[in-house]
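Please go over the structures that come below.
Next come two complexes, and both contain chain A; in the first it sits with chain B, in the second with chain C.
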Partner chain A sequence: MEKSKLLENSNSRIKLNNWVRYTPLLFLLPVAIELIIFRYIPSFSAIYYSFTDWDVMGDWKMVGLENYRELFDDRVFKSTLWNMLTYTSIRTVATLTMAFIAAELVLSVRDPVIRMYWKIAFVMPMVMPRSLLYILWGFIYEPQAGMLNEALIAIGLEGLTQPWLGQSSTALAAISIIGFPFVSTLAFLVFITSLEGISRDLIETSELEGGSVLKRIFVVDLPMLRAPIIFIALLVALESMQAVEPQLILTRGGPGSATEMPGHYLYTVAFSYFNFGMACAIGVIILLIGLILSGISTWMRYRGAYDVD
Partner chain B sequence: MITKFVTKLILAGIISLSFVASQAQATKISVFLQNIYAPESNPASKEAFEQLLSSYKEANPDVEVDLIPYMGGSQSDYYAWLTSRIAAGDEPDVGWSHWYDRNARSERWLPLNEYLEGPNEYIPAGQPGHDRWMDIFDEGVMAQIRHGNGNWYQLNTNWVETGLYLNEDILTSRGLPVEWDNWSEFIDTCKALRADGIQPLGVFSSVGWSTYQWLDTILISAAFQDSLEKWQLPEYSNPFMTARQLTLEEISKAVHEGEYNVNNPRFDTFLDLTEEVVTHCLVEGFTGIPDLDTVLNLFLSGETAMGWLGTWNAVAVQDGAKFNFRSTFYPPFTSDNSPYVSDPIMYRVGGPSSSGQVGLSISTVERGTVDAAIDFAKFYTAPANYQAVANSDQGMLTVINGVESPDVAKGFISISKLPERGITDAVSRFGGEEFGTPHNRMMQSFMMGDISRDELKEDYQKLLDKTVKKLCEENAWDWCSS
Partner chain C sequence: MSTKHGKSIPQQIVLLFLAIITWYPLIFMVSTSLKTQNQFYENYWWFTYPFDFENYLIVWDRISIAILNSIHYSFGTLVVVLTLSLLGGYAFGRFKFYGKNILFLAVIMLLMIPGILTLVPLFVLTKNLGMANSSLGFIFPLAGFEIVIGIFIMRLFFERLPTELFHAARIEGANEIQLLLFVAIPLALPGLGTVAILDLLFTWNELLWPLVLLSDQDAYPVSAAVITFRNQYRVDNGNLFAAYVSVSIPLMILFIFVVRKFIRGIEGI
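And then the complex of A and B:
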């Protein structure tokens, strides 16, 4: 009798355990299906289609590595890779630096209420739509009556006025610094949260040892923020690599190919040229670069990291 | 009592029957006039058409006209809409069609020749068009829109044109001419303006569509002027046109045969002309100007002495210019500018475009609405009626004799008489952006000095060859295999 009761209890516990174990999977299923349909299948299909000549309307034919060969023979595509490297480097370094400085400055404010206001002030512009930001910067760079040139004239630097987006020597740098001073970013939020999470003991120890603020930043803050910095660097780099908005809204990749980047070139090749085979090849190359970057960042994240040992 | 009831019943029956009969007799036609009737964005057009339709209803109580308002979107959106309506057998009886399609509309649209040769009773006797409807339409325009088979499938009521708007104050105060006899004189004016610190000409250049393309197309047409006729194929000949643009096949064949080629000295002439106009005329930073509105603003603010704009900007210029202005066009190229120009020639960049191009669907014959549709078209195009429409649509030239163009657009009338460009815009030269975008990109790089002439030529020839190879695969033209 007791045995059967025990068995019954045990069975119901197993059932409950199974329910607890499998319910989350049930809830994850729709997300998994969405990911498979809209992310994995297109991504893997793109690898296949990158070996085809396909205009999306009709049949495709296999062309082997022809799309890749053509891409690396294409002066524009080659310049997109260089532009991507420049743009990504500028934006990654600038975003990390400015957001970190801003986070340290805000953290140095002792009064928690004032500090909160600063945080709000820095984070608030994040709600502005990205497209609006580019349109606004378009006004700033406008060659004849743009705010930047007007400001230069106002302070007597008329000789420095430029058609910022209209010449290849300045266009890429101009779109790279859109969003300056880069404090209204996810990076700022992550950095300030991470800095606030550093143990007071560590900071006080550093202060007791007579270390300057600068020394504390280099000895305590930066090493403690290693993981968030690498995480943010990867995010900014991946986002910059796939940039399309500045080209779509401001430059169309021009002048010439001065601001063209793989993401926008992919869009152009696909939706203006209807050469989906080649567009897929560009996508695969972006994917590979992204994977390599992710690999490097993961390696950097864990290589000799204090929190792994 | 019963008698009264029966009488009422009979009367009610007669009234109902007469109503049904009148409904049965009414012919309903649908009309789509593109953005010439855009009640939402142009209230003046709503007013004009309300008046027009009311007058028509008075004269023709048996015809109901369903005027379809402009639906916005691009030209391709319209064609997608029209195609699906045609597939469903529900297209408008009177519909819009771009003149570019003149050689490809014989299956969809009704030939109008016999109607055009007939009278238009809505025009008072003794006035042109009363005895022969054709006479109210501009002769040059009718030649432009005539199909190669001799038919007209379209009535053209207005014309869009591009042209130079000049700030007369800037030019005359410096003793500079506002009209030129040849291209060299125009360049000299640019040089003088540049030397005086004035930005001469507002044109913008983008990797996508831009007004640079207008410039590009007239320069390349001038550079290859003596070759254009030679490249024309008999199957595309249109005896009713003095000049026409090369078709996709013709220009592709010219590439295939090594005629339209970077090693052709004419291509160097094209590059020379480009360099000259960039150096002396174009506003600084022309590759950074985002759109045509900015070019308009530069002109209105006096920052450029000239702006290459269109008839559609005429009202904005009239309202916004705080100086004396005029509209004109470029002077002809001569053999001094291009050794391949035999007679001085300039090409217009415009045409019987935009809203005022309508045809009758071929289905009107089956539907039995052809007479009503023709009648409405005659009423609509009668000068006394069309004048109100023309007044409500001020951005276009009117090409109906007896109807005054808006004053602001009159300066463009002479431009509309110039010949058509021989080689069309880069974006449509080879049928798509796969040629147009790289073309614009390369030309931008060349114009800014980022790539040398040799580099440009190397890449340009690759682009030409690749484009034509692909077109040959798609079209399987006979000459492709040779």
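And then the complex of A and C:
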């Protein structure tokens, strides 16, 4: 205690002159300029313009909550929110489950060299350009010579072939599972890393007590991974709820509005209808939903947690 | 169940199955890129002989432009992101100063602002700054998103370095700039490597921003170029898939060399 006080005193004595005191702020100056211009100003102006009828000519006047009222009268917009909910839930649950199962399986490989090879096998495909992933899945779903239909024909289930993205009954589910089995993700890498960080004592104790592997997973692994699991869930959910790529690349929101989601709707309203104010209002709604999600996840992270004060 | 001797055959069979599902679309991509249209209908699922490299020659002219564009944008973004992440992480990680927590919060809070919210204002802003249709308009807005996580990683990194190193150098008479250049940067290289890889993945994958920003399709990076390419060459699968393979190769090659470091880097966070 005493010693650390002393050390701190000597530190501050070294830092006495002014140039040293302002050094960190000088280092932060370029960061501040970049973030203020390209993050803060656009964020605040988006909120501001959501209350205006801003258009592509740059003209705008305040219209209050008009944009929001119009959006909630808009049947299409309401359905985009439901689609977003479905899409985000499927992706979050599926990604977490599959990545966790794969991480547990890789962890059960005791040989560190072989384990590293499995990690590399699942991490490598992460570098494929993401738009390519969607294009490839579009090819999987294609009605003529698509992989899924060809596979169904090959195993004699010709009756089940269908235009997966071309009909509203399957299109949303189809884009939701793009990327299956979701192992080649950051989630997998974070989970395996966290699982390796669990102390061996804890695992061996559980084994000595005669617990099964399944029991260890539920009693030791899952509680220990609470923080990374919630963190990854939030990350995947925030990313999914802003999705525009499946629509831009594959469905254009169709058929009808079966796969339309707020992100792509915003893009359409802004750059096809040139209604910038309305687009900003959609953005603000996405922001609010995101903030609610972040709030819930923070609450879940700390509620009754044993690992924080 | 695994034994103490490292036998885990059933688990590895399931893993193999998952790996096959993950990799098969990529293998399909490569095999199709080496087929003529007839070979494609002859054998759908696997490689056919002889390989037809013609597809690559046909698409190379167009695709090489997109690859060069992507390299250009990625490099620019990388320079900005690494510089600012280093400065930010260093300031937050090594110094104590008034308002540090508030400032850090102001940076990290940006993680919660969805990018799509700022799409329209950012587009108008870059246009007003005269950056539309230029690589600067690509680099700076994207960097604004990437440096947040970069600063976070670099701060953790610098906080773990022993302060004695900096004290020792200062006693030797080094000034702040020298400390940054000759002590901090060499020590920070592993952290910067992790930031660089995350940043490269992010930049190569960005699709919406180039579509909004760039009106000239010849300036498209690979993420956007493959889509216009697909829409134009619908008919010949061989050509299409040759283009897909070509745009995947640069990062794949780079990643083969750094994948172990990347995995370790994530473990370090």
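The working rule: the second predicted complex is superposed on the first by the 283 of 309 C-alpha atoms of A that agree within 3 Å, B and C clash if a C-alpha of one lies under 4 Å from a C-alpha of the other, contacts with A are read in each partner's own complex, and residues count from 1 in each chain.
Rule of thumb we're sticking to: a residue touches a chain if its C-beta (ideal position, glycine included) is under 8 Å from a C-beta of that chain, and two chains touch if they have at least 3 such contacts.
Note that the structure is predicted; figures quoted are calculated from it, not measured.
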Contacts of A:Glu245 with chain B and chain C, given as first, second, both or neither: second
First, second, both or neither for A:Leu28, with chain B first and chain C second: second
Which partner, chain B or chain C, touches more chain A residues: C
Touching partner for A:Thr268 - first (chain B), second (chain C), both, neither: first
First (chain B), second (chain C), both or neither touched by A:Trp118: second
First, second, both or neither for A:Ala145, with chain B first and chain C second: both
Residues on chain A lying within both footprints (that of chain B and that of chain C): 145
Chain A residues touching chain C - in the complex, by the definition given at the top: 14, 19-21, 23-25, 27-28, 30-31, 34-35, 37-39, 41-43, 45-46, 49, 58, 98, 102, 105-106, 108-111, 116, 118-132, 135-137, 140, 145, 147, 150, 180-181, 183-184, 186, 189-190, 193, 196, 212-213, 238, 241-242, 244-245, 248-249, 263, 266-267, 270-271, 276, 279-280, 283-284, 286-287, 290-291, 294
Interface residues, chain C side, partner chain A - complex: 1-2, 4-6, 8, 11-12, 14-15, 18-19, 21-23, 25-26, 28-29, 44-45, 80, 83-84, 87-88, 90-92, 94-95, 97, 100, 103, 107, 110, 112-125, 140-141, 143-145, 147-148, 151, 167, 170, 176, 180, 201, 204-205, 207-208, 211-212, 222-224, 226-227, 230, 244, 247-248, 251-252, 254-256, 259-260, 262-263, 266-267
Touching residues (chain side chain B, partner chain A) in the complex: 205-208, 283-290, 294, 297-298, 301, 303, 432-434, 437-438, 440-442, 444-445, 448, 450-451, 459
Residue ranges of chain A touching chain B (in the complex, touch as defined): 75-76, 138, 141-145, 162-168, 171, 250-258, 260, 268, 272-275
